[in-house]
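Each of the next two complexes has chain A plus one more chain, namely chain B in the first and chain C in the second.
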Partner chain A sequence: MFLDLLSLILLVSAALWTVMTRSLLRSAIGLALTSAILTVIMFKMEANLAAVFELSVCAGLIPVLFVSVVSLTQPYTHQEILERMKSMFARFRLLPVILIGIGLILVLLGPHSQAKLPLPESGENTRFILWHLRQLDLLGQVIILLGGVFGVEVLFKERKKSA
Partner chain B sequence: MSALLILVPFFSVLILNLPLKGIRKLAFGGAICLSLLQMAAVFIPDSAFWKINPHAFGSIFSFELSADSLSKVILFCIGLVSFSALFATRQTLKESAGRFNFINIILIAVAGMNGVALAQDIFSLYIYLEITAVSSFILIAFNRDILGLEGAFKYILLSGVATVLMLAGIALFMLIAGSTSFAVIHAVLLNHNKDFLISLGIGLFIVALFIKSGLMPFHGWLPDAYTAAPAAASVLLAGVVTKIAGVYVLIRILVSVISFSPAIKSILLFVGALSAILAAIAALTQSDFKRMLSYSSISQVGYIILGVGSGSVLGIAGAALHIFNHAAFKSLLFINSAAVECQLGSRDIEEMGGLAKQMPVTSLTSIIGSLSCAGIPPLAGFWSKLVIVIALWMAGFRAYAVIAVLGSILTLTYFLILQRKVFFGKPNAEFKDIKEAGFSLTFPALILAALIIGAGIFTPFILNRFILSFNSILGG
Partner chain C sequence: MLSAIFVVLLFIIGIYCIMASYNLVRALIGLEILIKAVTLLIIAAGAKSGHLHLAQALVITVIVVEVVMITIAVGVVVGIHIHNNSLDVRKVRRLKG
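Up next is the complex of A and B:
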């Protein structure tokens, strides 16, 4: 229970850091950290393959996205970053409190549900699901990646032209 | 075999990008052929296309897909609008390499939208929605100007929020039903309709779809995205992308998964009426041609949602008919705005005037598009609006029926203002040497105008059959 709570707090903190920091580099580190914590949580919940996917997708795709974003934007100076971060934290300082408040209210209200958690997947089962039952989703993910490649290609080409 | 509607655009992109000499020149013609074939396949319901054995290519492409009347309307709209958008690229994107990439992204978007229209599983639906969204971001930001990037950023941001809500909804459905199949979730929801988690999942999903549809008050991204996007992208976005990503999915989820409840009907009717009226009022105050059309789109989506909110077969059929009509007249109007922008280099309607003489085809077709959008008989838009109003009246939502009629009057008002300021009224001496736009913009405009007139004339003859085909969707 303590470890679960700690993982949750770490996950939310890393996610908030990712969103609130004004430095793209720190934001990228925050996102990687969020993904790593999420992976640990998934492993702990015995969703091993989902955890591997989370880690591999994040490790592969996020750097591509960030390289493209970095190449398209003008960096702030260190001073500007600090000033903007201060203003961001001032503006959103209540956000974690509100999130925790909503969570507590939901827990205290104790919504009744008859839902039962599905059993953890087994490796063999997941392989069957992926390659036999979810082919359409796999094709969809390939098409998304293809779309992403075109996005990066289009944006980089324009960048080269204007440079 | 429905899977071909996803596989063919996907493999076309792969083939077009093979390092073969001259293959890039086939991109435009190939994409046009695909859009025409898609329309033909849908238009001929008994064609051999639908009878191909899904296992003909072995087990690797045997997807669980299905196309009912609603899906077929959407598939036809995708073919029609992508056809128009592809033609628009010829004049609005001068650089051939850029145009080639643009066509590739349109094909990826088409594969995504076809997947959305055919999916029978809520997670597959989500994945194909994301394909549509990713290709839309790229299309909006394509020109890399500041407004385009801002429009794309707003779309990414709000689409991201919608995605999170949708995924949370899917997770809750999965938790309760143990499956993501429409049929299984539907069966489980019927037995657990009072469960708090189900209500939460439904709520999250519906809000996500309101954002994707650009309905008020979730419309913040839409006018900027439509206005800033390249002309061909605006045609695709306004004509079909947001209608599929938001409105179609909403209808599909309501009829195949969630089912209508009095609370859902009330929410839909309220949001629909709010969008239909407020967006029409906002359109009245716009001076940018594309921005006015963007607000008009929000208003028309509001109309569609009013039809859906009636919760009846007639209302759903009216909504589907209006999705088709909206695809035709809004694509036409965005092509008209592209023609005007290409020739004048401006979208400010306050600067224009008297263009009807210099641009007769654009002027004539825009009148047809505007009148159809306003629901003037005998054009196509009249019939769908009539069906929606009758559905609302018959379902006992008479106040909303009156609001729908008021929305049409407002639509007519802002389009009359647009016509007067752009094509009639006092000519601007600065634009006295302006000529008609090229074939690439006038040809699809004429085709769409002819379709609007033709559909207007023939709708009364097929309306009963069309409405009856929706009975099975609602289990009637």
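Up next is the complex of A and C:
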């Protein structure tokens, strides 16, 4: 019970650090940390397959994409970044107060229950559901992946043309 | 109930980040945090209702969509940076449409 609460608090803290930290690079690392903590929570809720996907894709691939885009698009000097970050910090300083306030309101107004994550009941196999019952989802995934490949191709061509 | 409170908090962090950021990369990171909240909500709802396997199948779909969306968005952000030499949303005013 305590570990469930701790992991959820860590998840929100990591997300908060991700959006409030000064450097975009640290934000990308914070995003990976948030995904890793979410993976732990998923394992605790016995959602193993989704947790593996979350760890490999969301904590592995997506932060790499963000780090790449940060390294490709860093047009400012260190001094300019520090000046910009001061104004950013002023905009974000209300966020922790809002979070604590809304969290307290939700805890006080919500029905009292045990502070632990729900555990699953027995059901059908995930693979059976994915491959036999949700075939339309798979078709949608294939179409979206092809669309993504096509989109990257178009963006790459456009960049080559403008160069 | 416990996970629902933290899902709401994650939603607030993501929406606040999108609304208060002027940098496109940071806005994308806010969007990512919103998707994390959705993922946690689907898994918690699946575990609570006894349909965790169905929830996992949906989460896998969400992750695939998320990756494609971020890849395209990153390409668009790099393109915007090449054309405008800035990622500040206030300076991106040359959109044609």
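Keep this in mind: the second predicted complex is superposed on the first by the 124 of 163 C-alpha atoms of A that agree within 3 Å, B and C clash if a C-alpha of one lies under 4 Å from a C-alpha of the other, contacts with A are read in each partner's own complex, and residues count from 1 in each chain.
By our rule, a contact is a pair of C-beta atoms (placed from the backbone, for glycine too) under 8 Å apart; a residue touches a chain by one contact, two chains touch by 3 or more.
All values derive from a computational prediction rather than experimental measurement.
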Look at the residues of chain A and decide whether chain B or chain C touches more of them.
C
State whether A:T39 touches chain B only (first), chain C only (second), both chains, or neither.
neither
Contacts for A:L11 in the overlay, against chain B (first) and chain C (second): which applies, first, second, both or neither?
second
Looking at the overlay, does A:I143 come into contact with chain B only (first), chain C only (second), both, or neither?
first
Of the two partner chains, chain B (first) and chain C (second), which one does A:G103 touch, if any: first, second, both, or neither?
second
Contact-wise, after the overlay, does A:E54 reach chain B, chain C, both or neither (first, second, both, neither)?
second
After superposition on the shared chain, which partner residues are touched by A:I129: those of chain B (first), chain C (second), both, or neither?
second
Now for A:T21: first (chain B), second (chain C), both, or neither, which partner does it touch?
neither
Dual-contact residues of chain A, meaning touching chain B and chain C, are 111, 113-115, 117-118, 134, 137, 140-141, 144, 147-148, 151, 155, 158-159, 162
Residue ranges of chain A touching chain C (in the complex, touch as defined)
4-5, 8-9, 11-12, 15-16, 18-19, 24, 27-28, 31, 34-35, 38, 41-42, 45-47, 49-50, 53-54, 57-58, 61-62, 65-66, 68-70, 72-73, 75, 88, 91-92, 95, 98-99, 102-103, 106-107, 110-111, 113-126, 128-130, 133-134, 137, 140-141, 144-145, 147-148, 151-152, 155-156, 158-159, 162
Residue set of chain A touching chain B in the complex reads 111-115, 117-118, 132, 134-137, 139-144, 146-148, 150-151, 153-155, 157-159, 162
In the complex of these two chains, what residues of chain B are touching chain A?
6-7, 10, 13-14, 59-65, 97-98, 101, 104-105, 108, 111-112, 115, 119, 121, 123-124, 127-128, 130-131, 134-135, 137-138, 141-142, 144, 174-176, 178, 192, 195-197, 200
Spell out the residues on chain C that touch chain A in their complex, using ranges where they run on.
1-6, 8-10, 12-14, 16-17, 20-23, 25-26, 28-30, 32-33, 36, 39-40, 43-44, 46-48, 50-61, 63-68, 70-72, 74-79, 81-83, 85-87
